[in-house]
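Letters A, B, C and D mark the chains as written, and numbering starts fresh at 1 in each.
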C-alpha cells in the first residue's frame, strides 16, 4: 500500500536548544520509504541517530539562535503487512521467547503492568487463545474508556486510565500494553501516520507478541488497521515521543497528514469471527 | 580488586515455571570474571541470554516439575575502576551525547523524571558543575530520606519516595536517577554485590553520565564505592530485577555474600572537597 | 441481640503522649450499652469527647511518663436493627436529602469518588433500584478484590484498590463507599465489633443512604450482618481510626473479642432474591 | 472593613438537576452581612441549608426544565479581624484542643497529611514557635511552587503539588493544610471573596489553629490578608466547593468581584519581623 505522509511543525525557539524529532517513517522488511525529505528552515545540519530503545529513526539537531523554526517531513512510503492465523493457537511459553522480546514484558513508565496483575488476570486470564485474549482487551478498552480529547496529559499512565476511564490514543495504547504484560504477553507501543484518522494527527496503538509475531492492535478503533505507516516502536510513549526537546522551545503549530498514494483501499478491522491478526514487519 | 561473590536462593516451585535470574557478574573491560559457577539443583539446563535493555547476563531456565530448587552462583571477580576528575567541568550538551545514552534521559517505571522537572530544577538547577550537582542530589537523598527496611515495596517509585521520605537502596537509587534525568543528566540503575554491606544483600545504586563517563553514585552511603561487583545496569529496577519469575514460585531463602579475595582494601567514599568520580567500565 | 465486647491494647509509651481511642460502643436509639468499663493502667484520667466528624465516643487521655500502658474496654451491649424493604424503590433525589447527609457525597481521603465517576457509572449506572445497585457493588468487590491480610497499609485508598484488587475490610469498605458516592449515593464508613469474625479483630464495613435510611453493607461477606456492635461512623477511616496517637508510642499487643450474650442467633446475610436491607439506627 | 461582593454564574442546564451553591458570605461574630440578595433567573425556589462539614451557607435548588439559568449573589459585608500576638508562644498540646478542632488534624481528600509526615517534620519540625512554623510553610510554598493557571485540576492534591511544584490558590492551600496537619497543627480550608485579587475570582487560602485561634495564612501572597470576605471553611475543597452540581449542567460564564465599600484600606501581609497573626472570627 502506498501512502504520502507529511508533517510540519513550527517551533518558537527562545534559547539555544537541541531537538530530537521522531517523525520519519521506519525502514523495515515490509516498509519501503520510496522518497523522503526532512527539512528544517532556516537550514540547520541534522543527524539521524541509530535506533536505541526500540525501533525509530530519530533526527537530532541544535538550534543555536532564538527564532522561529519550521520542521517538515514528507515521504512516500510503500508498505505491506502479513496476515497471521491464530485459530486454535496457544500461548508461547516465556522459555521460548527470543531474548530481545523479554524487555517488553517489563513494566514501564506509562504501563505499570506490575500493578495490574490481579485485575488483568481476573478479567482476561481465562481466555485460552492469546489472539482472542488481546482482542478482548482492546474491546474492553474500546467499550469502557471514553475517547475524550484533552482529558489526559503527558503524565497520564495506564494505572490512571484503567480507573478514570477517559483518554486519547496514547492512553488507550498504554492500557492495552499494560494489560498484555500483566498477562505475560509482551507488548509495545507503536506510533505512526494513520490513514483516515479524523482529525489528522499522529496516531498511537500497540503491538502484542503472539506466537512469534508482533501483531497490531488498536483499542481506539478509529482507523483501519491497514492504513498505518510505522514511525517507531518502543516500550511506551517515553521511548517514542514525537519530539524530545532540550531547551526553551514552544510548539506553535503542527500539521500531520497521511494520504493514499494509490487507488484501491479496502479498510480492515478485526472482526469477532476470525482469528487473523495483522503484522507490520 | 578481587572479590568472591556468592548467592544461593531456594525456591518452592508449585507449577511449571520459567525463571530468569540476573545474578551473574558482568564481563566488562575492567571486570574480569576469573572463575564462576551457576548451578541449579536438581540439575536443569540453563541458558545465558544476550543482554537487552541495559547490561546484564540473565540466565533463563524452565522448571517443569513442582518441588524445591536451589540456585547458586559463585564467582571470583577481579575489577577495577577509573577515577575521573571533574574539577572545573561543565555539562556536556545533549547534542553531543552518543545515541546509546539518550534513553537514559527518558522517564521510566520507577523514575518518573517527567513529574520531577520543577522540583529538581528548583533544588539543584543552579549548580554548575555536573559532578557537584549529582553529589548534591545524593547528599540530599541521604539526609532527607530515611533508610528503613520494609518501608517500601516493589511498586514504590521515585515519585513516592521524594515525598514519603523512606525506603531502601532501590528507592534511593530510583530517586537519584529520576532527579538526574529531570536535570538532563542521563542516569541508570546499577545492581551488584557490595563489599561490607550489612546485612549482606544485593545492592542497588546508580550511575550518572557526566562528560562522557558513567560515574557511580550511592545515596545510601552504606558501602565503600570501590567494593562493588557489577551485575547489571538498566533504566531502573524493572530492567535489572534479580529474578523474573513466570509461574507459581515462592522464594524460601536467600543468601548473598561478597568477600574480599585479597588483602589490602582502602574504602573509598566521595568527600566534599574534591571532584573525583569513580567509574566502573 | 446482646453481645459482650472486649478489647485490650498494650502500648509502649516512649515520650509524653496524647492518645485518642475510639473503641467504645455507641449509644443509639437501638443500641443500649448495658454495662461498660474503660480502664487505663496505670490509672490515668480520661475524657470522653462529644462526637464530631461522624458518630463516635472518642476517649482522650495524656500519658506523661514513659512506660507500658494497658487500655481495656469491656461492655455488654444490646442492640437491634431495622429491616427495610426496597422492593420497587427508586433513588431519592439529592434535593430531598437532609442537609446532614450531603457531606457523605463528598470525596474523602480514602474514598476518591471524584476519580471513580466514569467507572462507577459504567459498571453500575444502569441499575435502577438503589438497593440492588449497592448489592451489585458489594458483590463486585467481593468477587474481584482478594481479601489478603497485610497486602495494604494505612495509606491505601479506594483509587488503589479498584485496580490492585487486594486488601482488607478497611479497603473493601473504602471502595464500596467511593463507588456509592460516585453514583450520588451517600455512603459512610462503619467500624464495630463483629460477631464470628475470624480471626477476631475490629471490623469495618459501610452504610449507604437509601431512601432515607442508612443501610449496612459488607463487601467482605466475612460475618453475619446482624452480629455488629457499632463503634463509629464517619466519612472514612480517617474519621474513625481506632486510635489517634500523638507522641512516640508503639502498639505492642491487641486483643479484640465479640461474644454472643444470649442464646439464639440466626446469621443474616443479604441474598439475591429479596430487597430487604438492614439498618442499625 | 466594608466590602461589596458580587458573583454571577450562568449555567446551561441540560437535564433536571440539583445545584448546591456555596457563595454566600458567612454570618460570624465579626462578619456582618449588611445586605444581600441571592437570585436565580428564571425564578426558582431556593433553600439555605444549615451548615454541616465546616462553616458555610449553602443554597440548594432544583432546576426541572432544561435551559439557561443565571445565579447571582450580591452583598455588602462589614467584617473585622483580630490580631493575635504569638511572640514567645509554644504549641498547644493536643490534650487541650477543643473536640471540634480534632477533625482538622485528620488527613482529607486533597490534604494527605498521613503521607507527608516525614517530609513535614524534616522541613519544619525544628521550628519551635507555631506561628513561625506556619509562616515558614507558607513561605516555602510561595517560593517553591509556581502559581500557574491551568496547571492543575479538580483532582490535584497536596501529595501531587509537593512534588510537581505548580498549581493555583486551591493547591497552595491544600499543601499548606497538609503540612500543618502532618505537624499536628489543625488546619482548614478557607474560601472567600478577596479584595485586589487579579484577575478577580473566588480565592482559597487556609487557617491554622494556633494556641486557640484560627489564624489566616495565604501561601499565594496574591492579596492582602485583610481584604477577605469569608464564604466557608472546611477540611479541604471537597467541603467547600463553590458549586456541587447533580445533573447535566455546564458552567457558561462566571463573574466575581470584591470591592471596597469605604475609603481607607491599608493592605496587610505578614512580615518576618513580628509574630502577629490575624484571625477572622
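We take it that a residue touches a chain if its C-beta (ideal position, glycine included) is under 8 Å from a C-beta of that chain, and two chains touch if they have at least 3 such contacts.
Labels paired with UniProt names: A, B, C, D = Transglutaminase family protein.
These numbers come from a predicted model, not from an experiment.
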item	value
Touch-connected components when chain C is not counted	one piece
Copies chain A and chain B touch via same or different residues, half shared test	same
Between the pairs C-D and A-C, the one where more C-beta pairs touch	C-D
Between chain A and chain C, centroid-to-centroid distance (C-alpha), Å	46
Chain centre separation in whole Å, for chain D relative to chain C (CA means)	30
Overlap residues in chain A, where contacts from two or more other chains coincide	115
Graph class of chain-chain contacts, one of line, ring, star, complete, other	ring
In contact (per the touch rule at the top): chain pairs	A-B, A-C, B-D, C-D
Of chain B, residues touching chain A in the complex	18, 20, 49-50, 52-53, 58, 60-62, 93-95, 99-100, 102-103, 105-109, 111-112, 114-115, 154-155, 184, 238-239, 244, 246
For the chain A and chain C complex, residues of the former touching the latter	115-116, 118-119, 122, 144, 146, 159, 162-166
